[in-house]
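Both complexes below contain chain A, partnered by chain B and then by chain C.
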Partner chain A sequence: MTFKQKFLGSAAALALSAGAALAEPALIFDLGGKFDKSFNEAAFNGATRWAEETGNNFREIELQSEAQREQALRRFAEAGNNPIVMAGFAFADALGQVAADYPDTRFTIIDMVVDAPNVRSVVFNEHEGSYLVGMMAAKASESGTVGFIGGMDIPLIRKFACGYAQGVKAVNPDATVVANMTGTTPAAWNDPVKGSELTKAQISQGADVVYAAAGGTGVGVLQTAADENILSIGVDSNQNYLHPGKVLTSMMKRVDNAVHQAFTDGAEMETGFQVMGLANGGVGYAMDEHNEALVSEDMKSAVDDAASKISSGEITVHDYMSDDSCPVLSF
Partner chain B sequence: MQKMPQWAEVVLVPLISLFLAAILSALVILGIGEDPIEAVNLMITGALGSTYGWGYTLYYATNFMFTGLAVAVAYHAGLFNIGGEGQATLGGLGVALVCLMLPWPHWSLALIAAILGSALFGAFWAMIPGYLQARRGSHIVITTIMFNFIAAALMNYVLVNMLRPAGSMDPATERFPEAVHLPSLHDVLAVFGINFSKAAPANVSLLIAMIACLLVWILIWRTRLGYEIRSFGKSESAARYAGIAPARITIITMLLSGALAGCMAINNVMGEAERLVLNAVEGAGFIGIAVALMGRSHPFGVFLAAILFGFLYQGGAELALWTSIPRELIVVIQALVILFTGALDNMVRAPLEKVFLAMRRAPKSERKTQAAE
Partner chain C sequence: MELLSLFDLAVLDSTIRLATPLLLACLAGLFSERAGIFDIGLEGKMLAAAFFSAAVAAVTQSVWLGLAAGIAAAMALSAVHGLASITFKGNQLISGVAINFLAAGMTVLIAQDWFQQGGRTPSLIGGGRFPPITLPFVDAVRGIPFIGPIYAELISGHSILVYVAVLAVPGTWWILFRTRFGLRLRAVGENPAAVDTAGVSVVGLRFAAVAICGVLCGIAGAYLATALQAGFVKDMTAGRGFIALAALIFAKWRPWQALWATLLFGYLQAIALRPDIIERALGFTVQVQLLDAMPYILTVVILAGFVGKAIPPRAGGEPYVKER
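Our next item is the complex of A and B:
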């Protein structure tokens, strides 16, 4: 294709999309970028699935700076995009400022609660999903030591770690859980080199299964685990395919479902507080052809049993964020 | 002897550089299958086509004026301060402490205190490299850039461990009280009956930045200290012979430079975010280098260059919003402008000087032949 053809084609596409801009939904990614193979990418996948199913378009932006959070929200709202979905807790402050100025626009924020009449706040029971993969880690581990590598050290990630540790202890009360955080700033979401170093450090402490809840940093964790021939557990998206046969499973946080749901509900969506847990398919563990050889029947039935007990309320997994403490793990 | 007239130096060189950068950017945009003309249109209407766009353009420009002036002042003394990023970061800490620790009755008082606080913190952060250069001979380029990293690490520690409100996941301070809210351009211009966009973050700091431009001009060209700074920058040995103390000038210049960089925080921390977040400076310290280079270290040049870069930033944001040009490419476009106006300056200047010299020689030789007759 020549440049000229490309040029004409894109000009036509631009003209078309400009005409259909009204009431399109919009999606705003966090600073990690949409192809982080994890959280943001899950959001992108949900939006893409919606676009393929309905044949409609959506607006999207990858932020470059903090100042753009509010700017992007306002620009999309003023352009008539509705609903506007944002992926990440860091939007809470900007949304709190903006929401009241656009009462007719519906906003959805993921991972954080913003109390406004036109905002839907979606939070996930990550501790429940982490509990399940913790059980699998304990069953797969031969050394009795398993690892956890978090991204940024925030209560949300401690919630992952705490759920995971509870799952491990439920299977093997004597197991050791080694937990490390990559950093204390948002840069910790995208530091695969440090993720790799932490994985090596945990392996030297005897860990033979590591769970990464660290966004883009997790790519380094999974890579090193595969190189060193131990098992790893992915997070948010299904990451089993990254290293087939080396990734035990992935803790699925269905951000894609939340985005898909928000887009489907459209401008008339119900606002308020929404919890996505095991019971409504918000979290879970990933099974596909890449990890079926790793997951035994016994492992699967034990986990499925626990999952139904958590859904029914028979087992309660302690939520770190409810009281900022974890009974089985200290940070 | 000047090789070319002043107007060519100030206007023609930057314009040609800009034009070259624009052509290359257009080729890059074409290469990924987008329409460059459409992109330019979007950038211009997005950044300059509405008071909203102007509000963002001027907001970014205010940041760049402060950091550009900081680089320019140091440059006159022959010092290359590339630590504007760290100094502005520390300035942010100064502003946050002033705004959070004391109950201010009115924003104007808070603004004066915040200017002092930010200038003090920024100056302090530049003083250490200045001292090391003056007394220990550690090169200022190395120390200032290292101090950027130290500032980032320090800010990280302070925000995560000391200033973060309990229960918050974001490494940021709490919101500043309502009383220290700076009037935006919307509020200021409403007094004159002009309806300026309410959503844009440009605020009274813009006026402070313009006053700072004027003060820097007075300082450099109309005071004894400015004369000392310039003579020191032109030739250290000559300055020493004239009785100017090099260590004193180095440290004073760095203090002034750091204070100007630090003052940027009244715009981005106090004026826009109204709380201190991590990485609040977002590269404005480095853009300041390009702004000062392009403005030829003259305050008015810095003012114009800052507005140009404000336009590039806001226009770039609009591109990201309304096209599928990826954000990495927008950085490429911004980088091309910096490359051509800053680093490749001589590529345009040298041929242009030749042209002007040739033009000057021609009439002269004619005159000579006339005299011979």
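Our next item is the complex of A and C:
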């Protein structure tokens, strides 16, 4: 074998292995960052689970600024990564621009709908999960007043609030729901100090269970709730362990399952609209050793009963985003 | 109409907590700007201090070591600012912006490398946090009408850093207006050439001013991370350094006015958390966004000259050049 042949051979081998690597799926995190203990971390956990099960690798990037959205999408698409999963409603515009340019690449967007032939849009019925934790909040509350603290004031977060309020009212029609949003800019996702003050403000209004759907701001909410000896409810991932015995439950949004499913389906996945609700395990509430003592049998059976009724369609929970209004809560 | 409910004790209590970091940062900016060094890097210094105080407190379980680390971190950034704008005569605004960016990126990067919790520090427990302090005679005076609840609920029960911040106001006034150092410090912000002619080091005075600025920013950051919160979260200062700057202009670069300005801004933030009280007191709802924007609106009103005049130190923003 001459040197030239050897060289060509190894180059070909290299090209082959590079080709194999190119089919790796990719995951793009939103600005909250990979380890936000919440939404993005759930996406990361789903991808990691897939990697451990299959022994394959995936590529990932954490965005640092708005401007990188389209850039990151194009870079992964150009590199041949397939499918490309992005966690976050804010990718909709960028994906709308990019999807048509790469017809052979499959994209999955979570929390938003993008209408393109090669895009799978995964949305969650957060209002259903929030309804369940709202029921638990109402049952756990002694004062009859419960709180909701949202992050940035966007329709998606109002959907959480509205589902929660409906759950509360289903158990106790006379209950008061105090709802506050942290702010109207993305800074509202990372202002734990304001989250704390909002919690204290709600406590002074009588709230004794507070549900936080606020990203990093929620860390302050859960902390203050634990300091002031009231109960809190976490969101997206299971946050019960953050303050054992003080977090009533967490509204689980199984972003990890959505990512895992997309990666498992691979480059040939079905596109279109996918709804993750109570019926298919997309949302739910978290039970573990940290909140066992807080959740009574009565509470659990009532919630499980409601869950099966929602799955079967016997109870419908109003979705704020369907008509931009909420029958039981005004913003 | 229950206008008095606007001054609910819980709201005023929240005002004090929210005003404290603003007050400390505002006094920090006051020292620096009175000496002729504009500092828009207050935000970055607070953020760095918040991170290092939380990180060291988490590792050592000692909040006092955390406070020291926070002050050291803010002073290090102050030194960078001083080096760029005093020694090398660079543009003070650009140096300040650079410090903000540096702190925003650096804190998350170091936190991720150190703790692997996504740019956070572990939650502080026990000795890692500043506990609230109960002042003496609280139980004795609680029963007295009006004064009793104010003393017991409003004045007592804050962390020690709140009392430090309040005491820093007369302290700043005394240093700036009653000591030789303060006179020189103010002079160096108005007319550095005169100070230089008198044989006093302009560079030395300005470095002293930015060092004091670093100490105060350090306390402000430590207050956020180890007293109000139990740990660091990325970008947790959330623009408080800029509101402090607005308060500084609003206060016309004076310490007592800085106290009132930051209390006012703190009150606006606190009342924005209670839309129910506003509605009850005024009979209509006020947009939360409007309340959030008020500090900036008020500052623009002051700057436009409607309510007195805000005149910054005359030599502010200009590096001192001895001879050309």
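Keep in mind that, in the parts below, the second predicted complex is superposed on the first by the 311 of 331 C-alpha atoms of A that agree within 3 Å, B and C clash if a C-alpha of one lies under 4 Å from a C-alpha of the other, contacts with A are read in each partner's own complex, and residues count from 1 in each chain.
Throughout what follows, contacts are C-beta pairs under 8 Å (C-beta built on N, C-alpha and C of every residue); 3 or more make two chains touch, one makes a residue touch a chain.
On a predicted model such as this, the values are computed, not experimentally measured, just so you know.
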item	value
Touched partner set for A:45, first chain B, second chain C, both or neither	neither
Which superposed partner A:219 touches (first chain B, second chain C, both, neither)	second
Contacts of A:257 with chain B and chain C, given as first, second, both or neither	neither
First (chain B), second (chain C), both or neither touched by A:72	first
First, second, both or neither for A:36, with chain B first and chain C second	second
Contacts of A:121 with chain B and chain C, given as first, second, both or neither	neither
Partner chain(s) touched by A:242 [first = chain B, second = chain C, both, neither]	second
Which of chain B and chain C A:184 touches, first, second, both or neither	both
Touching both chain C and chain B, counted on chain A across the two superposed complexes	33, 184
Residue ranges of chain A in contact with chain C within the complex	33-37, 41, 178, 180-181, 183-184, 187, 190-194, 196-198, 200-201, 204-205, 216, 219-220, 223, 227, 242
Chain B partner contacts - residues on chain A that touch it in the complex	3, 6-7, 9-11, 14, 33, 59, 61-68, 71-72, 74-76, 78, 89-90, 92-93, 101, 112, 154-156, 184-186, 324
In the complex with chain A, residue positions of chain B that touch it	30-31, 33-35, 38, 56, 59, 156, 160, 167, 169-172, 175, 199, 201, 268, 272-273, 275, 277-280, 282, 316-317, 320-321, 323, 326-327, 330-331
For the chain C and chain A complex, residues of the former touching the latter	8, 10-11, 13-14, 17-18, 21, 108, 112, 116-120, 123, 224, 228-231, 233-236, 238-239, 269-270, 273-276, 288-289, 292
